[in-house]
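Following are the structures in question.
Common to both upcoming complexes is subunit A, partnered first by subunit B, then by subunit C.
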Partner chain A sequence: MADVARFREGDRAQLFLVGALALAVIFVVLAVLLNTAIYTGNIATRDAGPGTGVVVEYEQAATGMADRSLRTVNIENNSNYTNLETTFNDTVSIWSDRANTHSSAALADAHVSVVETKRGTKIGQNGTRNFTDDNNSRQWTVANNTTARAFQMTVEQGSLGDDDLFADDPEFAVEFADGGEELTLYIYNSGTLTNDVTVVLYDDGTEVSECSVSAGADDRVSIDFSAATLAGEDCDALEELTSRLPPQYTVTFENGTYAEGNYSLIVDRPINKLETGADDAAGGPYAAWALYSAELSVTYQSSVIYYRTNVRLAPEELDA
Partner chain B sequence: MTRTQSRGQAHTLEAVAAGMLLLASVLFALQVTAVTPLTGSTSSQHIENQQASLAEGLLATQVENGSIVPTILYWNESAGTFHGTSRDGYRNAGPPTAFGNVLNETFGDRNTAYDVNIYYVRSSGARERISLVDLGNPSDHASTASRMVTLYDDDRVLAANESALDTLSNTSFFAPDAAPDSRVYNVIEVEVVVWRM
Partner chain C sequence: MRNTPRWSGTDRGVSTTLGYSITLAITAILIGGLLIAGGGLVDDQRDRIAQEELSVSVEQLASGLNDGDRLAQSTDGGVIGVRIWLPDRVAGGAYTLEVTNESSPADQPARASIAASAQGANAVATVTIRTGVPVANRTIIGGPLVVTYRDADGDGQRELVVNESRGLAS
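Coming up: the complex of A and B.
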């Protein structure tokens, strides 16, 4: 009886070990499979993609440079259109050459060139004066059938009309009209108590919105039509204005005797085809040669990327 | 007799099986501790990718908020170096400017070493390098990111207290006027090299 029991014990030990062996083999196979998956994941994440980021960076650098050149070209050298265009084209082409030295080091060929520039006119008044035209007319056309960019204005609060609209003491207004629709922006002194300057927008005679700000210590308020800000603060009336502007409009100043200060804007109509009350006479508002917008062609080519696009630039355009 | 032989066989099998079991366990242990994408190491591909993205993001934000150009213009004209440093650039930390602070906060606090190189162009078309920050030689697993910025003729070199001095065209700056006939002064490439210490 005892012998039989010993024989059975030995038999059981063998089965147990064979079972353990099988389990161990299964575990190893599982571990190998698991690691294959992990290794595949590791290899798959090794490639950081085709590297399109460099193209975006190049385009940003190129348009940033062209944007700044377009803003500054109108300050310098504005004696005629050919000079302006040559200066701008040269700047872009020299930048493209120099920047290509860096791109070449990254085994890429990158270029930017000017496709076309649009001739425009810069209208403005530098010294402090009322907002009448050169013949002291209080209602005058600033620019006809055009679009405007970089439109800024600084007014002195004390020179503005008071707040009873349409009364005897009228308010200065900037009007944007396309024959049908009429957007009028009244700028007035909203009262000696509040000491505020208010801007209110009327669309075809209906009030849309308004905003006010108190004048700074120097009694002046800046109005930025492009950024839609009044003394640096966001202004609903100006935002509404830019969103409601038609594709082309005529800019008119009304009651120019009820505002004093300075202003400047660039319009997309060449100086010889523009109807404006501003001429080059000393002291009054002037009109000068300027570039309104530019279209650039940006190309970037490397072993894995070919990218080409056209970019239009019109810094601080009103309805942009 | 038969029973003794049978037990001997069982013992042999037992020994072989135990040996294989041991071997399998060792293999198993080795396999499950393989380098995974998440294993912490100075040479992990994930860390390289992450550092490259970090450097790219840093450059992108600093170009956007305009802190890189003032750092490039932080030039000591009389010494011919950046302010308060030697010819090799800043060797202990970033420059004492807004861009330098961001570099220190982003990389310095994370045990990451970095170099900042500035490449500029000569009017002949040659590309040259000057070191802005030099914290040592990058390891084999370094990541790089670069950005182009443009200097203009009317940009002004900065004094040690960051007040504006003369315009670039009237100073002896490290980079020459690569475009004398235009308002562009030079096109600079700023390269950040980062690696794990």
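Coming up: the complex of A and C.
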């Protein structure tokens, strides 16, 4: 009687109690797991990765800025190298500080600075004149043992040597030689039949390729060695030329009396170490202080990304 | 009248005990069944959730590697660090990530596979990515990671290397 009475007094549910507790624990664990699942779903729908697009954008903006600066810095204040370097360094430094204000809003620290600049020389002829040197020599060295960038030329068709290579008229030629290999680009008027300006590339005396174009209404044709275009059109001969150029070469003009117009190029040799027939003082072709290339250090740092790289800039380099 | 005292006396406990035992047994079976079913449910859910978390983790690591790859391709000799915040545990247990460089034809982009397996749960997730630069073979414990770009195996060629989180620029 005593036992039965005890159970009847409400102590009989131990098993239910234990079972209920165990089930409660299971439900709690289940709830925690479901919570984890929801959290995982949340993470899965967030932006994937830290997003390096902004870093690449910054680097491109910085190099774009420096590229434009390097193209334009040689136009003004180019009376000595110190002026050029100061202008270029200041431009980069000011841009870096201004841009850093914007990147601070994204909790990032971004900098661009100039590691070094390479001194070069700008050689050119602004007014229309034949392509001889200052002493009117028709064959002369434009720049020795160098590399060139931003090499453009505008020629007047009427001034060019007539007919093809085997005709009597000598053809104006630009020669790139490194002692061994000799790349010669002949520029001539293809004659009265087609009346085109033709460009032919010879590699050590062997013809490689040619292209021609008719001159515009002003009788002028522009030749862009850097972009490999003839009057704005792609030119195989110029493309072949840039792909075959040795690391260093001497640029020579031949038969300079058979071409008139203007040209400009920037070479990577400082003006005091350059052998050239261009001399500003005597009129005609000039040689001026210029910056050839620059090396930049670009750094971008945030809580999730660190990026530091050096970028070399030589706008419109011929063998680039 | 003779019987009445017997039923209301100590003899009646026999059937009460029997009834109690039966109730006890049925209750035990029912609760045991519930516990087993509940335990199984929790186990299944745990595996499923571990699976989901591993999938998310490998996708995030893949995304981080692709980010690192993008930066690596835009620099020649630069320093790269990309931090990926992965969870330390999935479904309450640690997990392992295995990054393997897969061979690919010479003119094709590099390939890498990322496999994740959870400890204490029956779950595995894998993903294969294509990268512009090779990825170093690596086995790491899950958690915050850093992707760097350096020559890890001394072959003179730099690879994307996944490490447990340290300084970004290291």
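Simple rule for what comes next: the second predicted complex is superposed on the first by the 270 of 320 C-alpha atoms of A that agree within 3 Å, B and C clash if a C-alpha of one lies under 4 Å from a C-alpha of the other, contacts with A are read in each partner's own complex, and residues count from 1 in each chain.
Everything below uses one rule, namely that a residue touches a chain if its C-beta (ideal position, glycine included) is under 8 Å from a C-beta of that chain, and two chains touch if they have at least 3 such contacts.
Note that the coordinates shown come from a computational prediction; the quantities given were computed from them, not determined experimentally.
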### Message
For A:Ser69 in the superposed arrangement: first (subunit B), second (subunit C), both or neither?
### Response
first
### Task
Scan A:Arg98 for contacts with subunit B and subunit C and give back first, second, both or neither.
first
### Query
Should A:Ala61 be classified as contacting the first partner (subunit B), the second (subunit C), both, or neither?
first
### Message
After the superposition on A, what does A:Leu17 contact: first (subunit B), second (subunit C), both or neither?
### Response
first
### Task
Check the residue A:Leu34 against both partner chains and state whether it touches subunit B (first), subunit C (second), both, or neither.
both
#### Entry: Contacts of A:Tyr306 with subunit B and subunit C, given as first, second, both or neither
second
### Query
Given the touch rule stated above, what does A:Gly51 touch, subunit B (first), subunit C (second), both, or neither?
second
### Query
Can you list the residues of subunit A that meet both subunit B and subunit C?
3, 7, 18, 27, 34, 41, 48
### Residue numbers on subunit A that touch subunit B, as the complex places them
3, 6-7, 10-11, 13-14, 17-18, 20-21, 24-25, 27-28, 31-32, 34-35, 38-39, 41-42, 45-46, 48, 53, 57-58, 60-61, 64-65, 68-69, 72, 76, 87, 90-91, 94-95, 97-99, 101-102, 105-106
### Query
Of all residues in subunit C, which touch subunit A in the complex?
10, 13, 16, 20, 24, 27-28, 30-31, 34-35, 38-39, 41-42, 45-46, 48-49, 52-53, 55-56, 59-60, 63-64, 66-68, 70-71, 74-85, 87, 91-92, 168-169
## Note on the structure
Residue positions on subunit B within touch of subunit A in the complex are 3, 6-7, 10, 13-14, 17-18, 20-21, 24-25, 27-28, 31-32, 34-37, 45-46, 49, 52, 56, 60, 63, 119, 121, 125-127, 146-150, 152, 178-179, 181-184, 186-187, 189
### Message
For a test of understanding, state which residues of subunit A touch subunit C in their complex under the given definition.
### Response
1, 3-4, 7, 12, 15-16, 18-19, 22-23, 26-27, 29-30, 33-34, 36-37, 40-41, 43-44, 48-52, 55-56, 59, 301, 303-310
